[in-house]
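Here chain A shows up in two complexes: once beside chain B, once beside chain C.
So, the complex of A and B:
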């Protein structure tokens, strides 16, 4: 078990806004916002599941000991694939999902994963990670959204 | 591992854990957060499935089903010996302790009077580590009870609020002290429960 040292800096130049008393009016009508749908299609889920297994084998990584985490992430990838046409990383917040999907940095496998085998979704884990299991195959579990 | 200082996390940086401390002011201007980024191998939280006991303390329905055929076994059964005190069922409920809040409600909470630290969990529906974080926060809510207020915000529902709060990696936690002169603390990624306790106990 390894722990990192917490070192943080304090910046005094700043405050952040919780803007005004009244909530800002929603302008969703004027901007295309892609939200997560309820459930992705089974076909997309199966595609992403097979992709995950294949990529885990190829990259020498393993799935999480908690298969619920793996299932949720695969469903998130499938959901983005349905909505955006590309499996955008489900563990990030984006200003414009469609633009990010086009740009490709965070399309799974994302650049940090390809370059450094860093998957903050905990989908592909190296053996030295405490959460890494020993499997490179997964079975989708039904998992209710939070 | 040594910490590195960098501006706001952006594409390409390690997204394992980011710790940023921002000064929370009532009249904010611009936001500059100095982030220290370090790689962290978290200790796995207890990966127990949060089963709530299905047994209840309801009386045995069999005893009242057929009154015409008294069962000698039921009437002469020895009293049950309790091996351990059964749980009070205080937290056995359908809803989670950590409630989902809207942006407006969070804003009201932050601006209002508080005596306890406020912990805001920004999550997304299909974010895997958010599930583990939610389990940890539930345990934390049980530990701290009314000494900390823990809530969660769905970034897919509160899109603009998450953007305003500069949420990038998920899950992102904000620790906001009841003392307005103290800095708020932001963490990005899954962090161990002990780190959360340390932040609440020492920095809030």
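So, the complex of A and C:
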């Protein structure tokens, strides 16, 4: 969720080391923009991205036509995984996140999703949903609206 | 980036951007309106506009106020002082549907600027406010009239549907 024109006054050092890989991941190019809010680690983002693809296939659901939404939610899941050890649903407010992560109801895939294929994050959409695209694969992209 | 939103839109400034709440020398009517509310510096503002954030160059023309402790009464103060009904959007940074709503809220706050004031609250920055209103799913919208919540709904929706919902809520209350 970064914009190319955002000039933040804080410089935020992301802790991942850029080891000698042939080509840096494409999304690093977008990380020159810093946000007051911490970005999740690349590793967690990749884990949650892969999970999302697998789970979409398994559940017969599809990603949103707007891949920015998909990316934001995947980052939110990764952020919670980093902070709490479990991918707590990013589209909810919690009294006690740590307790919720342990309890598990809202860990992705949450119970409403597992039981009724209800994903209010708009990450996993059934085909009849107006916003469902046709894809069960996704790449991380910047969300442009904000 | 120019501030294109109307005076009807309230923003919470991120203290990290050192946003000013004292009257700036070159103020738009919107900033003056903001300053008159005496918001604590730490309340986070979000630009409800094209790109969503002011560039730091715009911030440098404004002088910071003395830091005040963030108090819960600030939202109450806003609600009390507002002469219009207030639509509050409870959101989180990493909530996809909440991000969808950003341009929708821009549009609605502009088109309905005489009828309603739009406020966005980051539930992760202000968990006590979110707890007070028992926010669960995000985004949650609450329409306040005369300082009291009078309508509440969850989930992203289009500008048309949001406008319709606001209008029908306000009509009932009139």
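Convention: the second predicted complex is superposed on the first by the 105 of 146 C-alpha atoms of A that agree within 3 Å, B and C clash if a C-alpha of one lies under 4 Å from a C-alpha of the other, contacts with A are read in each partner's own complex, and residues count from 1 in each chain.
Assume a contact is a pair of C-beta atoms (placed from the backbone, for glycine too) under 8 Å apart; a residue touches a chain by one contact, two chains touch by 3 or more.
This is a predicted model, so every value here is computed, not measured.
Chemist: Answer with first, second, both or neither: which of chain B and chain C does A:128 touch in the superposed model?
Modeler: Touch partner of A:128: chain B, not chain C.
Chemist: Of the residues on chain A, which ones does chain B touch that chain C also touches?
Modeler: After superposing on chain A, chain A residues 1, 3, 5-10, 35-36, 64, 66, 68-70, 72-73, 75-77, 79, 90-93, 95, 120-123, 143, 145-146 contact both chain B and chain C.
Chemist: Contact residues on chain A for chain C in the complex?
Modeler: Of all residues in chain A, those touching chain C are 1, 3, 5-10, 35-37, 64, 66, 68-70, 72-73, 75-77, 79, 90-93, 95, 120-123, 143, 145-146.
Chemist: Which residues of chain C touch chain A in their complex?
Modeler: Residues 1, 14, 16-18, 51-53, 55-57, 59, 90, 92-100, 102-103, 123-124, 127, 130-131, 135-138, 140, 154-156 of chain C touch chain A in their complex.
Chemist: Enumerate the contact residues on chain B facing chain A in the complex.
Modeler: Chain B reaches chain A through residues 1-3, 5, 11-12, 14-17, 19-36, 38-44, 47, 100, 103-104, 106-107, 110-111, 122-132, 134, 152, 154-157, 159-160, 162-170, 172, 183-185, 189-190, 192, 195, 198.
Chemist: Per the contact definition, I'd like the list of chain A residues that touch chain B in the complex.
Modeler: Checking each residue of chain A against chain B gives 1-19, 21, 23-24, 26-28, 33, 35-36, 64-66, 68-70, 72-73, 75-77, 79, 90-93, 95, 105-106, 111-112, 116, 118, 120-123, 128-131, 143, 145-146.
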